[in-house]
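Below is one structure. I have some questions about it.
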Amino acid sequence: MSVEKELRRTVKDLLEEGGIDLFIGWERGSLPTVASPLFITDPVDAERLIFDITCGSNPAVYFTKDRRQFDGRRVGVVLKGCDSRSMVLYIKEKQADRENVVMVGAQCNGVLDRGKVASAAGGREILELEDDGEKTVTLKGRDYEIAVERDSILSSSCLSCIHPDALECDHFIGEPRQSVTREQRLREVREFEALSSTERWERTRHEYEKCIRCYACRNVCPSCYCAVCFVDQNDPPWIGGTCEFTDSMIFHLVRNLHVAGRCVECGACARACPMDIDLLLLNRKVAMEVLERFNDEAGMDITAKPAMADFKEDEKQDFIMG
Amino acid sequence: MVKLKKNELDRLICRLAGSYDVYAPVDIDGNVEFARVSSAEDMDQSRTVTNLSPKEIFFPKDEVLFEYDADGIRPADSMDRPIAVWGIRSCDTKSLMLLDKVFGSAIQMPKEERFQDPYWKKRYDGALLFGAACAEPLSTCFCNWFGGGPFATEGMDVHVTDIGDAFLLNPVTPRGEDYLESLDFTAEVSESDRKAAAEIAGSAEAVMSPPVPIDGLDQLLPGLFLQEEVWGEVSAACINCGACTFVCPTCHCFDMQDEGRNEKGRRLRVWDSCMFPIFTSEASGHNPRSLSRHRVRQRVMHKYSYYPVNYGEYLCTGCGRCITVCPVNVDIRRTLLKLMTHDGEDG
Amino acid sequence: MSEWQPRILAILCNWCSYAGADLAGVSRIQYPPSIRVIRVPCSGRVDQLFILKSLQSGFDGVLVSGCHPGDCHYISGNYVARRKFALLKPLLEFIGIEPDRVQFSWISAGEGERFAEVITKITEDVRKLGPSKRLVKKT
């Protein structure tokens, strides 16, 4: 049975007799490259659910948006590996109640990066997208049809994903997948580290100068749920709201540090960015430091204390002045 | 109408650059946006809709209004050359006309009530806009909902059609006409050129989906204002980022920010977005639009009700950028259809 | 013309490092006049944002100092701070900011001498780097 079919059946059952009141999944969007989040309460609507390469955002985020809709309700949600880690994070941080969440993991074959897929089509409009789920994605437009290698249009977070399968879930649909090794995952970080300081600075500047401060990265991020973000505190302001480089850069650096040990590297931020900034590189670097120094990975262990809320007395402190 | 051979475009751009600051679509690291150009080579005219809208030329993301120090206040460096834009689409020229109603007070109003924003006016008044016809409208284009179309000329000074080996330059305003007359390297337009342009126009029109009639939407929306449920439905997926508002050619809300230290500082105007909670946060801590649905409602109401009531037309030109850019595929067309077919009862 | 002097922001915890600075002062211990001090209740209060904002406003270096491990007035504030600082330094280095511009130390209330040494050291480190440019906002 296909993943989608089984998902629909599972969700229908859950809504009919599984005791859930609401299910969060995806339906086909108005564009062939982006699925639209779908909130269903009626079992009939389970037929609208899809689960494929276009389901790019992280659905866990809705647990911290309009919280009212979750009050007293049992909610089901379909999860990729990364999304499940966000849910684990939410349960640890008391943003979701494990008892009232039904986690449905589904086999994830990666999600696409809109920037990459747009350049694969050479800037031409994509009207149809067909995915064989393994090697090839076919893009069709008004007067063209091209087959592109699947890996070439996948989000970079998926190419380096170490946990494609949902870690904590009540149901799992499809087949478990192979993950990449830690070294593969850090390839880009290592390559960047090998550059000279000036080069690293120039590249960082080049990327972050594009920022228009729309905060799509922040708002699509499940780990960013502060009631009032520091950039929204304006009396007095911490940093300027302009697109001047240092204002943008400090916003991104502080965001990275505030989600340190909490970022699950789902890459939703990078995919949401309208300016196609490579936002994930810094997140990965910080995640790497967290793992190496504190031996912790975000959203992996439902019982562990989040890294930045924890400490050990005899921790390595090589960066403290002697 | 005159004809400009494609190999003469650079000549036109260079000539324009002699007396104007010339802007055109430029590919900056994969994003096509309007930027200063000095020759035709800098441009990327392949996109029907650029990633960012050209409103930024006239209404920058951040703009210094004035600077101050112990000696007093100085206005920000003022621009001394007028602006010319090449390759701007009709949805975008129309958006500038809509913005001009707000910033330039370009509507019939008693003189004493008019407000004219000097920063906007110094850029927009006197600008020379070479609009580009759209040979290949996108599936996200819905300019025809608002009376536009791929070959509309509203807001342009010169309408430009690409016929393959040449551009047909058709003056729309006297300013455009004067400029075209001053050129000595254009050619005459032949009957076959006209036919080619008409064919392109025909096939472009044929690609567009039929418009959805939205007359009366501005009257309908106030009645839906208090119906929380329908707004909850249309905003369910929205994550409340400002991407749609920042790529929108007609969104024009801004914030004032003061930057000062010791004895000097400056005041800036920066883009703001009704999608952000801080947009309406009050000093008391209360926020009248605390929920996502309220902010989405504001965006819809402003574009399709408040602005039409004040200025007589919708504050949307159907460029479709908000649809393309949304990380969760909130499609404004679906939102409008949903609202229009709502039965008017909550629950 | 006089030689360029680095400007360094020192964020000191109230209970140990600030008292250490006090001791250095009352003991008439000499150290370079390069620092401006901000007193915070605990090094755990220091968000990385404070440090980045200081760099943005033009400080050439930032020092954050708290109580020695085990001595925190609030039991564990400096341990939590340590984890935050542990990430900031590599991240700054990663994007190409000189890591020596941002430094951390533990100075107790009795270590006036050490306070002077730390200030001398960071002043010399920053002097070698020259004026800060990369994250400074131009106005």
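Should a chain be cited, it is by its letter among A, B and C, assigned in written order, with residues numbered from 1 in that chain.
Going forward, contacts are C-beta pairs under 8 Å (C-beta built on N, C-alpha and C of every residue); 3 or more make two chains touch, one makes a residue touch a chain.
Just so it is clear, the structure is predicted and the values come from calculations on it, not from any experiment.
Engineer: Relative to chain C, which chain has the most distant C-alpha mean position?
Structural biologist: Result for max centroid distance from chain C is chain B.
Engineer: By C-alpha centroid distance to the whole-protein centroid, which chain wins?
Structural biologist: Measuring from the global C-alpha mean, the nearest chain centre belongs to A.
Engineer: At what distance in angstrom does the C-alpha mean of chain C lie from that of chain B?
Structural biologist: Averaging C-alpha atoms per chain gives centres 48 Å apart.
Engineer: So the centre of each chain is just the mean of its C-alpha atoms; given that, what is the distance between chain A and chain B in Å?
Structural biologist: Each chain's C-alpha centroid was found; their separation is 31 Å.
Engineer: In angstrom, rounded to a whole number, how far apart do the mean CA points of chain A and chain C lie?
Structural biologist: Taking the average C-alpha coordinate of chain A and of chain C, the gap between them is 35 Å.
Engineer: Can you list the residues of chain B that touch 2 or more other chains?
Structural biologist: Correct list: 259.
Engineer: Mind pulling the chain A residues that touch 2 or more other chains?
Structural biologist: Counting only residues that touch two or more other chains, chain A contributes 240, 244.
Engineer: Within their complex, state which residues of chain A touch chain C.
Structural biologist: These residues of chain A touch chain C: 192-193, 197-202, 204, 230, 238-240, 244, 246-247, 249-250, 253-254, 256-257, 260, 282, 285-286, 289-290, 293-294, 307-313, 315-317, 319-321.
Engineer: Within the complex, which stretch of chain A touches chain B?
Structural biologist: Listed in rising order, the residues are 29-31, 34-39, 56-57, 61, 65-66, 68-69, 115, 118-119, 123, 125, 127, 142, 206, 210, 212-220, 228, 232, 234-235, 237, 240-244, 268, 271-272, 274-276.
Engineer: Which of the residues in chain C end up touching chain A in this complex?
Structural biologist: Chain C reaches chain A through residues 47-49, 52-53, 56, 69-70, 76, 79-80, 82-91, 93-98, 103-106, 118, 121-122, 134-138.
Engineer: How about chain C: which of its residues touch chain B in the complex?
Structural biologist: Counting only chain C, the residues touching chain B are 57, 139.
Engineer: Under the stated contact criterion, what part of chain B meets chain A in this complex?
Structural biologist: Residues 28-32, 46-48, 51-52, 61-62, 136, 138-140, 207, 232, 236-237, 239-243, 245-247, 255, 257, 259, 268, 270-273, 276-278, 281, 283, 291-293, 323-331, 333-334 of chain B touch chain A in their complex.
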